[in-house]
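Here's a structure for you.
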Amino acid sequence: MTSSLADVASSNATLRAFLHGLPGVDRVGADQRAAMLGTRSIKTTAKAAAIDLAIRMVDLTTLEGADTPGKVRAMCAKAVHPDPGDPSVPKVAAVCVYPDLVAQAVESLGGSGVKVASVATAFPSGRSSLDVKVADTALAVAAGADEIDMVIDRGAFLAGDYLKVFEEIAAIKAACGQAHLKVILETGELATYDNVRRASWLAMMAGGDFIKTSTGKVQPAATPSVTLIMLEAVRDFLATTGRKVGVKPAGGIRTTKDAIKMLVLVNETAGEDWLHPDWFRLGASTLLNDLLMQRQKMATGRYAGSDYFTLD
Amino acid sequence: MFEYAPAPESRDIVDIKPSYGLFIDGEFVDGTGAPFKTINPATEETLAEVATASGEDVDRAVQAARKAFGVWSAMPGSERAKYLFRIARIIQERSRELAVLETLDNGKPIREARDVDLPLVAAHFFYYAGWADKLDYAGYGPGPKPLGVAGQVIPWNFPLLMLAWKIAPALACGNTVVLKPAETTPLTALLFAEICRQAELPPGVVNIVTGAGETGAAVVNHPDVNKVAFTGSTEVGRLIARNVAGSGKKVTLELGGKAANIVFDDAAIDQAVEGIVNGIFFNQGHVCCAGSRLLVQESIAEELLESLKRRLSLLRLGDPMDKNTDIGAINSSTQLARVRELSDIGEAEGAERWSPACALPERGFWFPPTIFTGVAQSHRIARDEVFGPVLAMLTFRTPAEAVEKANNTPYGLSAGVWTEKGSRILWMADRLRAGVVWANTFNKFDPTSPFGGYKESGYGREGGRHGLEAYLDV
Amino acid sequence: MSKTEAAARLAVRKTYKLYIGGAFPRSESGRSYPVTSSKGEFLANASKASRKDARDAVSAARKAFGGWSGATAYNRGQILYRIAEMLEGRRAQFVAELAEAGTKKAGDVVDAAIDRLVWYAGWSDKITSVAGAANPVAGPYFNLSSPEPTGVVAVIAPDEPLLGLVSVIAPVIVTGNTCVVVASERAPLPSITLAEVLATSDLPGGVVNILTGSVKEIAPWLAAHMDVNAIDLTGVADDDLAVTCEQAAAENLKRVLRPAAADWYADPGLKHMTAFLETKTVWHPTGI
């Protein structure tokens, strides 16, 4: 953080003044920009490249109460070899699981290079004490998580207690050690785009390595518009502070078309520097199979059937 | 790198004939003037040969319209409505074909023809269809009467949309029309003639005569025309206004503009940047209400310019038929020469010129998106309508100064205001001498919303309830 | 359905059900009643809706209100026009159905009903311009009044089949209201056939809900329902019932359109639209 921003978090008042001093977001205009970018027509070679890039950006996710070691093992196998019949399909970026299943994921993935991400901090509601959240994080880190996906305290944010949100993110960042921190804003609960922009800056200033739209448990989740606003935020944050932060839309990205729209948003907002799994991820569970089916359609020229792709 | 592969729209969907005649009294007929060629401005390829309507041809068209006026004006409004609804539906059905043809003949990006022009064209016919049987409720007294034969001359920037703006209200009110499309973009009007036939519109209700300025003059000056509607340059508008003096013809003129797009320091910057870009680079800046003068509050000028330049670098100029193209071709070599001339004058007068790195295709008429900074009110690029992708940026300090600068022009078509403060928007809107004021948006059109200018931007309104007045004897 | 035809081939008859939330359920009460032509011949059994069906219909209408009132006027106009198109496509069916029930000049009735829909379709994006206003208040304020839909409207349809029915439904929904219609008790069948048209016209489920049965039984429940915002009593022929309904409607101050003699072929005017519109006035200061 540059010195000019260092003082911002000295009190809730200064933090509030800073966040409310950010330029507003006009909802209609932002939606129109996102919709216009959604009309980009990505075909042939561009589509093939985009599909492979999207696969490499996927955080393959399972976050259900019914998750078991078996489910995680199966998902990890899929993460490393998304299409067992086609070795040219790249690996996904990471798998994303609950903290108690991190050890299982680490074991299953071995030295594949696929990262293990874990949600933490009383995911998805975030309704617990800081101590519990730190402990939750520490548990995941100790089990070998490479990345932590934390949720912000939306209640505190909406109540105007920005400092509490800031300090909590900073504390979790400290608890992460070497692990990368993704900060989930849960944009569906923040409701306004002004709030999305403010929460993005708050998360970045507090030390987040990534800002992430949603838990996937609240609708709407990763809409093109909120992704656009977060991409503008990381672009402006880099220009202001010199530090680059990644973006992860998660929730509701189900089709190849959705994923490619996201890549177009990145390309024409933050720029192509972000078009890399280090800086952009797609949090999804069912997306991967649609990407594989589209990939096969491009290779064979005929539409694919879901019976030919594994369910995990 | 994420390069978008070419994504060309197929041109096979439209069947362009080698030559086109005039549409008079429900038939396609030869013109007696010397035919002319219409070209694709993106490639300079000839698309078709088109008839020129001579004075005699125009006279026949006016006679046909006069004859049809009896039937059409006597028809119950509810029946006229159904014809217009039919036309609206056929436009929707054939919208892809019309969009492709518009792009080929005009040079505008297919994305705009498809997503802006065509939906608005259909919506305009739907809207005025609904008025045809409700004229008693329009606020002009009971039983308002049509005027008779309307002579309509339209420009090349939105060929089909301008046709819709002219024909839909005229027909709804019970008039018949003789319409002359621009000589560089006649093809969609001729396809529209075919649509009139599919809709079984009675012959003579719509007549399309093609040709250049002389044909237009013959339409406007014909003694049996009761109403003149013109969209185009202020220069020609002035001439028309002079020529119709004493004729008793009702006239509406929609002419040039030099709109100020005013950005305050508290604006939603990312959306303002989009609005500025849309304001001046939409349709290559071939828009009479384009936001060609950017007035920025001095305190944010530098920051805004930087954002604007970054955004301009993302604009995709090239093949208008590519679905990812943002900036298409300049409509004609004549227009390109004018844009070049005024830009060169801008530079010579001392303004600083900037364009993003941008490869222009070898064939066709092209001009890169361009910003002039350091522009003063006295510079010609701040006063003359360029009608191209050229933005003149000026600064201001206070709202009053912004209003003063915005109004300091003989034009008065439109203006834009960008601020998050509602009361300031309304204060500005009260003082701006312009027919349309967009706040936190720009270049928005809707059939329900009246459009037209103050001062030398013309008179009369098109669209909405107000748009009926131009075609009623009230 | 002459006897000779029946001898040649036995016709497959249609089951007439209710239309609630875009679906066609039978009455939860399991009741039906015989519908006869004007000459007394049996035509079909119609569902006899209960108060619980009315309650379900109100819920469906309420659920649909947000989306329908929030749709653009243009979109609503397109959908009403689509209804007209679909009705035109089934013109012969309606003419036959009306003729069978004893309606005279059935062809003219159907034509007028189609044209009525087209007329109201055109109002969707014009009523605001005609009924709204920019108000020149004495002060530094922008002041704009616009009509807005009142909410869920209960409609007691007149006995005039199809034309009367369309003439009371279209003006209610074109402005963004949703409705629960009690069809003509004597001639309910065209209303259910109209529901089939509505269900295939891009009209969201729940915008129009149609109940058949006893007006006297259902109307008071709708008039008293606290989640109904207005009631159109046009089709209430019984003066006492009209008064009872109007009194019940007073409880939550429903907007009431009273029964009145109507020439269904005349220009309908604005009455059936404006009766179910609120006027909202917005003030905003003007100043730097």
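Each chain carries a letter (A, B and C) given by its place in the written order, and its residues are counted from 1.
Assume a residue touches a chain if its C-beta (ideal position, glycine included) is under 8 Å from a C-beta of that chain, and two chains touch if they have at least 3 such contacts.
Fair warning: this is a prediction, and the values are worked out from it, not measured in the lab.
Chain contacts in this assembly form an open path, with each chain touching only its neighbours along a single line.
Ranked by separation of Cα centres from chain A, the top chain is C.
With centres computed from Cα atoms alone, the innermost chain of the structure is B. In terms of their C-alpha centroids, the spacing between chain B and chain C amounts to 41 Å.
Measuring from the averaged C-alpha position of chain A to that of chain C gives a distance of 48 Å.
Averaged C-alpha coordinates give centres for chain A and chain B that are 44 Å from one another.
Residues 73-74, 77-78, 81, 115, 118-119, 121-126, 128-130, 142, 267, 270, 284-288 of chain C are the ones touching chain B in the complex. Residues of chain A touching chain B in their complex: 23-26, 28-30, 32-33, 39-47, 49-50, 53, 232, 263-264, 267-268, 272, 275.
The touching residues of chain B, counted against chain A in their complex, run 1-7, 111, 115, 266-271, 274-275, 314, 323-324, 420, 440-441. Within the complex formed with chain C, the residues of chain B that make contact are 78, 81-82, 85, 123, 126-127, 129-134, 136-139, 399-400, 422-424, 426-427, 429-430, 447-448, 464-465.
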